[in-house]
Amino acid sequence: MKDSDSYPPRLTKVVLDVLKTHIPSLIEFSNEISKVEGVSKVEAELVEVDAETDSIKLVIEGEGIDYEELEKTIKRLGAAIHSIDQVVVEKVKKR
Amino acid sequence: MKDSDSYPPRLTKVVLDVLKTHIPSLIEFSNEISKVEGVSKVEAELVEVDAETDSIKLVIEGEGIDYEELEKTIKRLGAAIHSIDQVVVEKVKKR
Amino acid sequence: MKDSDSYPPRLTKVVLDVLKTHIPSLIEFSNEISKVEGVSKVEAELVEVDAETDSIKLVIEGEGIDYEELEKTIKRLGAAIHSIDQVVVEKVKKR
Amino acid sequence: MKDSDSYPPRLTKVVLDVLKTHIPSLIEFSNEISKVEGVSKVEAELVEVDAETDSIKLVIEGEGIDYEELEKTIKRLGAAIHSIDQVVVEKVKKR
Amino acid sequence: MKDSDSYPPRLTKVVLDVLKTHIPSLIEFSNEISKVEGVSKVEAELVEVDAETDSIKLVIEGEGIDYEELEKTIKRLGAAIHSIDQVVVEKVKKR
Amino acid sequence: MKDSDSYPPRLTKVVLDVLKTHIPSLIEFSNEISKVEGVSKVEAELVEVDAETDSIKLVIEGEGIDYEELEKTIKRLGAAIHSIDQVVVEKVKKR
Amino acid sequence: MKDSDSYPPRLTKVVLDVLKTHIPSLIEFSNEISKVEGVSKVEAELVEVDAETDSIKLVIEGEGIDYEELEKTIKRLGAAIHSIDQVVVEKVKKR
């Protein structure tokens, strides 16, 4: 096994297209998302405002993001993942 | 708890679409905003000028911005937050 | 042989236009691709969503990517390579 | 007072839309502006030329620009501030 | 001779517009090109796909690329140089 | 005088829109301009060619450009300053 | 003479719009140009191909390019300078 000296693959970035209700605010929403295991940075951008909902673009970065916990947290906040727009997985060799 | 060695999430950037009256001037307005706890830089850009009001884009950066104090300061200056356009929350591991 | 002091050519980047079914998700798909010998980073971007399939752009980077194993992995995941859009091969002199 | 270890807010950049007469020239005008307390750099760009006046964009940078003195200097040179287009205020923590 | 202390001119970059058959694949094609004397990097980009042929843009970098060998290799692979789009020749002074 | 420890303002960049005759050539013209006191770099770009004249954009950089000498040199070369398009004046604190 | 401690002005960049015959090839043409005194880099880009001629953009960089020799070399290669599109002259202070 030539690659036996590598780290296991880790999810380091996900870009999500999310539909959320107006409440909680983008500040509270981003704060909750940032608490997910493995997340180090959350960037939330308002894309469109409708009567009941906000379309947002979520850029989540980290070192091994726990995607299952991320999905659950988004649902718990009353929001829905419309699409997974970008994924970055990295496998870094041990130094 | 794997993440017990992390800092709590901190608000490091907010971009706001704000409607303000002509007075106070953009200079005084930015100066007041910069006094909010946790703010280190305020960038205010004039977007549109109307008869009574100015539409401005406020880019606020810092290390743990106190968003409640920020909201109160904006209201006290006779301005209104039209929308929260971008939010960045960071959770940096202790070194 | 002047070039006898060079490394053999190594595939360091491939950009693929891939058609995949909705399942596995982009997260699981990227994770599997990243396990291919010689791959160090996988960036998957959603380009178009259709009823049955997703068009994705796969940017794969590494130090000597095993292209045969990559092809097999993509087929095993029920996806098809529509086109090879970019290839980078590097031959670095020994220092 | 958590922020007691911070510098007071300082005006570090102002972008002004200014209407000036053809005389003094842009060279002399910029030279005078650069003498204002706290200014370290003046960049003046010609935007529009009319029969009697020039529309210019003034980008003024410094460490604590004295805005009152700046305003007075511009008036003394026979020019008028049409609008304040950008303001940057910084509050840097003591090291 | 003031320039007697200079290296002879060396071809360090060539950009070619090439027409190739579908087989060999872009991976194999780039691999063969990278074996040419003096080549250190080959970047091949798919520009247009036709029934029988592929239009590709080849960016070849190196330290003294052997252009004659490059031409022969391209012909041997059943491809044709449609045009030489960019050339960089460098003459570096000895240090 | 708080600023008594500053350098006097110095002209560090001027962008001019200049109309010149075909002779002297852009090479000779730029060479003459570069001899002006305080100039360290002259970049001349051909903007438009007419029957008798060339429209050029002159970007002049230096440490304290002598603008009067610059104006005289341009006139002596049979050219005319159509407009001053950008001016940068810097006042750097002594270290 | 305040500037007595400066280098004489040196031509460090010229951008030429050149019309050449198909032969010599862009590779040979660039190689010959690079041999001109003071030239360290030649970048030739194909702009337009006509029945008898090629329109090329030549970007020549160096430390004191001998422009007369450059002109002669271009003529000797059967090509014509259509226009001088950019010139950079530098005068660097001795250190």
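Observations, loosely collected:
For clarity, chains are labelled A, B, C, D, E, F and G in written order, and residue numbers in each chain start from 1.
Quick note on the criterion: contacts are C-beta pairs under 8 Å (C-beta built on N, C-alpha and C of every residue); 3 or more make two chains touch, one makes a residue touch a chain.
What you see is a predicted model, and the numbers here were worked out from it, not measured in a lab.
Path length between chain C and chain G in the chain contact graph, taken as the least number of steps between touching chains: 2. Rounded to a whole number, the gap between the C-alpha centres of chain D and chain E is 52 angstrom.
The distance from the centre of chain A to the centre of chain C, each centre being the mean of the chain's C-alpha atoms, comes to 23 Å.
Listed for chain B are no residues, as none touches two or more other chains. Order of chains around the touching ring, counted from chain E in the direction of chain G, is E, G, F, D, B, A, C. Per the touch definition, chain B reaches chain A in the complex via residues 2-3, 9, 11, 14, 67, 83-93. By the touch criterion given at the top, residues 25-27, 30-31, 33-35, 37-46, 49 of chain E touch chain C in their complex.
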